[in-house]
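Per-chain numbering from 1; labels A, B, C and D assigned in written order.
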Amino acid sequence: MIKKEEMLIKSVKSIALDTIEMVLNNRYISRAAVPGQFLHVDIQGHTLRRPISIADVDKSEETVTILFKIMGSGTKHLSAYQTGMTFSVLGPSGNGFNIDNREAKSVLLIGGGIGVPPLYYLGKRLAEEGREIISVLGFQSAESVFYEQKFQELGESFIVTNDGSYGDKGFVTNVLGKVKDFDCYYSCGPSPMLKAITERLEHKHGYISLEERMGCGVGACFACVIPTDTSGGYKKICKDGPVFSSREVTL
Amino acid sequence: MTNLAVDLPGLKLKNPIMPASGCFGFGREYSEFYDLSKLGAVIMKAATGSERFGNNTPRVAETASGMLNAIGLQNPGVEKIIETEVPYLANYDIPIIANVAGSTIEEYELVAKTFNQTDQVHALELNISCPNVKEGGIQFGTDPDMAANVTKKVKKVSDLPIYVKLSPNVSDIVAMAKAVEAAGADGLTMINTLSGMQIHLPNKHPLLANKTGGLSGPAIKPVAIRMIYEVKQHVSIPVIGMGGISNAEDVLEFLLAGASAVAVGTANFQNPFICPEIIEELPAVLKKYGFNSVQDAIGKGIVV
Amino acid sequence: MTNLAVDLPGLKLKNPIMPASGCFGFGREYSEFYDLSKLGAVIMKAATGSERFGNNTPRVAETASGMLNAIGLQNPGVEKIIETEVPYLANYDIPIIANVAGSTIEEYELVAKTFNQTDQVHALELNISCPNVKEGGIQFGTDPDMAANVTKKVKKVSDLPIYVKLSPNVSDIVAMAKAVEAAGADGLTMINTLSGMQIHLPNKHPLLANKTGGLSGPAIKPVAIRMIYEVKQHVSIPVIGMGGISNAEDVLEFLLAGASAVAVGTANFQNPFICPEIIEELPAVLKKYGFNSVQDAIGKGIVV
Amino acid sequence: MIKKEEMLIKSVKSIALDTIEMVLNNRYISRAAVPGQFLHVDIQGHTLRRPISIADVDKSEETVTILFKIMGSGTKHLSAYQTGMTFSVLGPSGNGFNIDNREAKSVLLIGGGIGVPPLYYLGKRLAEEGREIISVLGFQSAESVFYEQKFQELGESFIVTNDGSYGDKGFVTNVLGKVKDFDCYYSCGPSPMLKAITERLEHKHGYISLEERMGCGVGACFACVIPTDTSGGYKKICKDGPVFSSREVTL
């Protein structure tokens, strides 16, 4: 259930170009969160909250980790928050990834840029359950790369950069050929990437996590809809998503 | 004890605070945060004759102390709303106001008439001012004669008190208010959003798929206060005020300007508890400024 | 090198940034902060036929991301302005735009004609939209025929290019723009302030002595962008855009919406250096979004 | 000359009910300021700057002191600023008090509430020049009283509170009868107080410091005008004032 909670900042760290990692203390959120859910973050001086994925959870420490890239005024302001400060979130929000698919012995995680964070907690949880994890992570360039080590600890992982300054050059789709077979994929990243992936992996079972500009973040305002292939018209990304089966929505 | 109650046509409000149309869905989501019976009333999301899917996304953008929206009246249609949403809201001890929208006068009549089927709706809010309806809805909101016409027609087919929601995108808000009052409106709700636009620099084009959207939030409060203040000097039907309310002081400002009750829209997004929090703070604020009741404060800001 | 220059009727601008009328006096105060020659141009405070003392105080109020003002056109009168203010500004290497106001068409004609006496003024801005003039000025700004009429009359008596300043307090801004274009306007400046009000809770009455005032600042930017975007699809005369500009990104947003140059008003109050700072930042912002010149960006946001 | 300067907060202290004393470091302002001038303070998230008087200056430490009462959102926000932070001001602004009147051997300072601060630096400077200082300071009640001790160090001083909870009960005008003769008075406080004083002390030479809502604070926007008795129409409080001769303006 979504609650309005105060998060206490335990640490703030710049981990890549314009990319901030924040560890936040909150008992309820740390207990309730599942991979793929997000926090709707209230940033001072801003009318609308900002959706940021949960990148990791430590239940014993009662912390959740978020990673965000400085894109505009909201994330810039948030990046200036300091250890010891608190801010309000609504969360944990959204449905999260379906990880109950017992058939899926090996899974492929495909992340693009700031779509990488939710895949980390997902991969960690799946690995704990004994699934084999393969990761393909795309970034703009060498200085944007983060969490490479952490994903490697989960299993084989490939880094791709658009400019080739680190790992393979190009897009995540360029290295999919290198990846051995898998049962199911999970992906999060920019729309063009998700579109390319769902087409390329059409025959595979997969889940994608989508982004859209949000108003309420709780399903009340109909800002964040996505057309579905089923007759249902639109689904709400904030409530029915952000994770959808790759065949469910029209990108 | 400070008396928060207000009586308006068709609406016995235990307090003057209600969520604004389109910002609260049909209440389900916010009922997970608090007991909706705390509210003075609830205004449902717009209902149209049949299901509408609304505009393409992006549908919202943030602006300085405000936001733009171009949802495009997405809703399941009036029948479905009566069937599934009204009964749900009727579980709570609050008057229900249905927001009526359409692209033609006939559609307004149809929707209004259909609401006669239920006795769980207490009043209609005629949304003649939604700036995002492209098929023609907009002109009702900026032309006094058309606004009067749709008001009259809806009055004829409906058993319920009619509150007409005025658009701020006009030169002469008083003329609009007088026209719909003369046409039989039981009350006014104002203001709807100001028409605005944001251009997204990275792709160089309007950010909203619909290009223009409705500006709401604290940015527009001065426009809302001015319009209510002006209108209340020329009409006698009550006004439900809205536009940028985010705390109990704002509510008092609207009451002083002449509103009898208020609706809270955009502020729900930042703080889902905003309505009950305002209801809780209101008695102290009224008292601080010397009022014993909401009724006492209504219109007291008007200097004649 | 990024080319910031823009040529408009009567105005050779070395960059598209100028202070907005009424927010910069006649330049003297800001000349103590920086060399006014850095500016693209300057728009003087409104001039009327004879000296005006303006409204009672308070004349300004703060609002969310904006402010209200009701100065009431205080100015020493056109003759005095030509005698003492214009020669002072003429010391700087910038085009001077005179803002012309009045309560009657005759006063507009008189003021415009009087500016023929000096050759140091390069263009007139017809302030048909000041919401604080009570004697009748307001209707020019909200009625297309009256706006066309005053434009025509002023055109006849003046030797200078005429920029008509449009009021946002209208239902149909395009109709206003087309009317004054047809009447011979050489350009448009938009937008003036939105009419608003604030009620001061401690004394329960409108805070401004004039009750209503003009809303300016970032709060109104989405309204300005929308109006310019709409107008530029229907008129071919150039637009000088304004309304809430406070940085170089905002300037680019106005250019993309169709403005050929911009004016900065309220932002001068928070940061007296805002104009030169924007001029300095503009080349990098243009470049970041792929433009080599201001000219390149004008109207590029318009999707047809 | 007014400049745009960054002030570094050296200390923040609550000195009475809702009343904050801030010591600010800035070389230019500390050197240029004269008594009665003000700073136009930029407070984050606010469109307009806030005028706050200079209450004291320490030229050797290069500091200026301001005292302000929490009235609305701006002063509330400013009161939360902490030592080590900086903020922007325009200043020193306005004309300041005329202290060159050599004839005035004894001066009366009359302050009301948050009008008291500018009188302190004025009194200090006048005392340094050997003038006799008498002070009458009015506050709402006991918990609002501040700087009593400091004014006493300058000379005889009287405290008045509206509710009589400290000093004399009533308004500053109530104790003017007790005050011995003086050559010139200086006053700052709410308009009704200034009006009462200028009427009561009509026969005396005096200076009053006025308040009005401001836009630019530099004389450009004509927001802050006051009608003058002379034919000149209006004067600007931010530039021609805030100090006026008691006979010059119409209250």
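Structural remarks
Just so we're on the same page, contacts are C-beta pairs under 8 Å (C-beta built on N, C-alpha and C of every residue); 3 or more make two chains touch, one makes a residue touch a chain.
For reference, the UniProt names are A, D = Dihydroorotate dehydrogenase B (NAD(+)), electron transfer subunit; B, C = Dihydroorotate dehydrogenase.
Quick caveat: nothing in here was measured; it's all calculated off a predicted structure.
Chains making contact with subunit B (Dihydroorotate dehydrogenase) as well as with subunit C (Dihydroorotate dehydrogenase): none in this assembly.
Fewest steps needed to get from subunit B (Dihydroorotate dehydrogenase) to subunit D, stepping only to touching chains, is 2. Work out the mean CA point of subunit C (Dihydroorotate dehydrogenase) and of subunit D, and you get 36 Å between them.
In this assembly, the C-alpha centroid of subunit A lies 46 Å from the C-alpha centroid of subunit C (Dihydroorotate dehydrogenase). The mean-CA centres of subunit A and subunit D are about 56 angstrom from one another, to the nearest whole unit.
Counting partner chains per residue, subunit D has no residue touching two or more of them. Among the residues of subunit B (Dihydroorotate dehydrogenase), those in touch with two or more other chains are 63, 65-66, 217-218. Of all residues in subunit C (Dihydroorotate dehydrogenase), those touching subunit D in their complex are 22-25, 28-30, 32-33, 45, 51, 53-54, 57-63, 65-67, 69, 71, 74, 217-218, 266, 268-273. Per the touch definition, subunit A reaches subunit B (Dihydroorotate dehydrogenase) in the complex via residues 1-2, 4, 42, 46-49, 74, 88, 90, 212-227, 233-234, 239. The residues of subunit C (Dihydroorotate dehydrogenase) lying in touch with subunit B (Dihydroorotate dehydrogenase) in their complex are 63-66, 68, 142-143, 169-172, 194-199, 201-202, 204-206, 211-213, 215, 217-223, 225-226, 229, 244, 249, 252-253, 256-257, 289, 300-301, 303.
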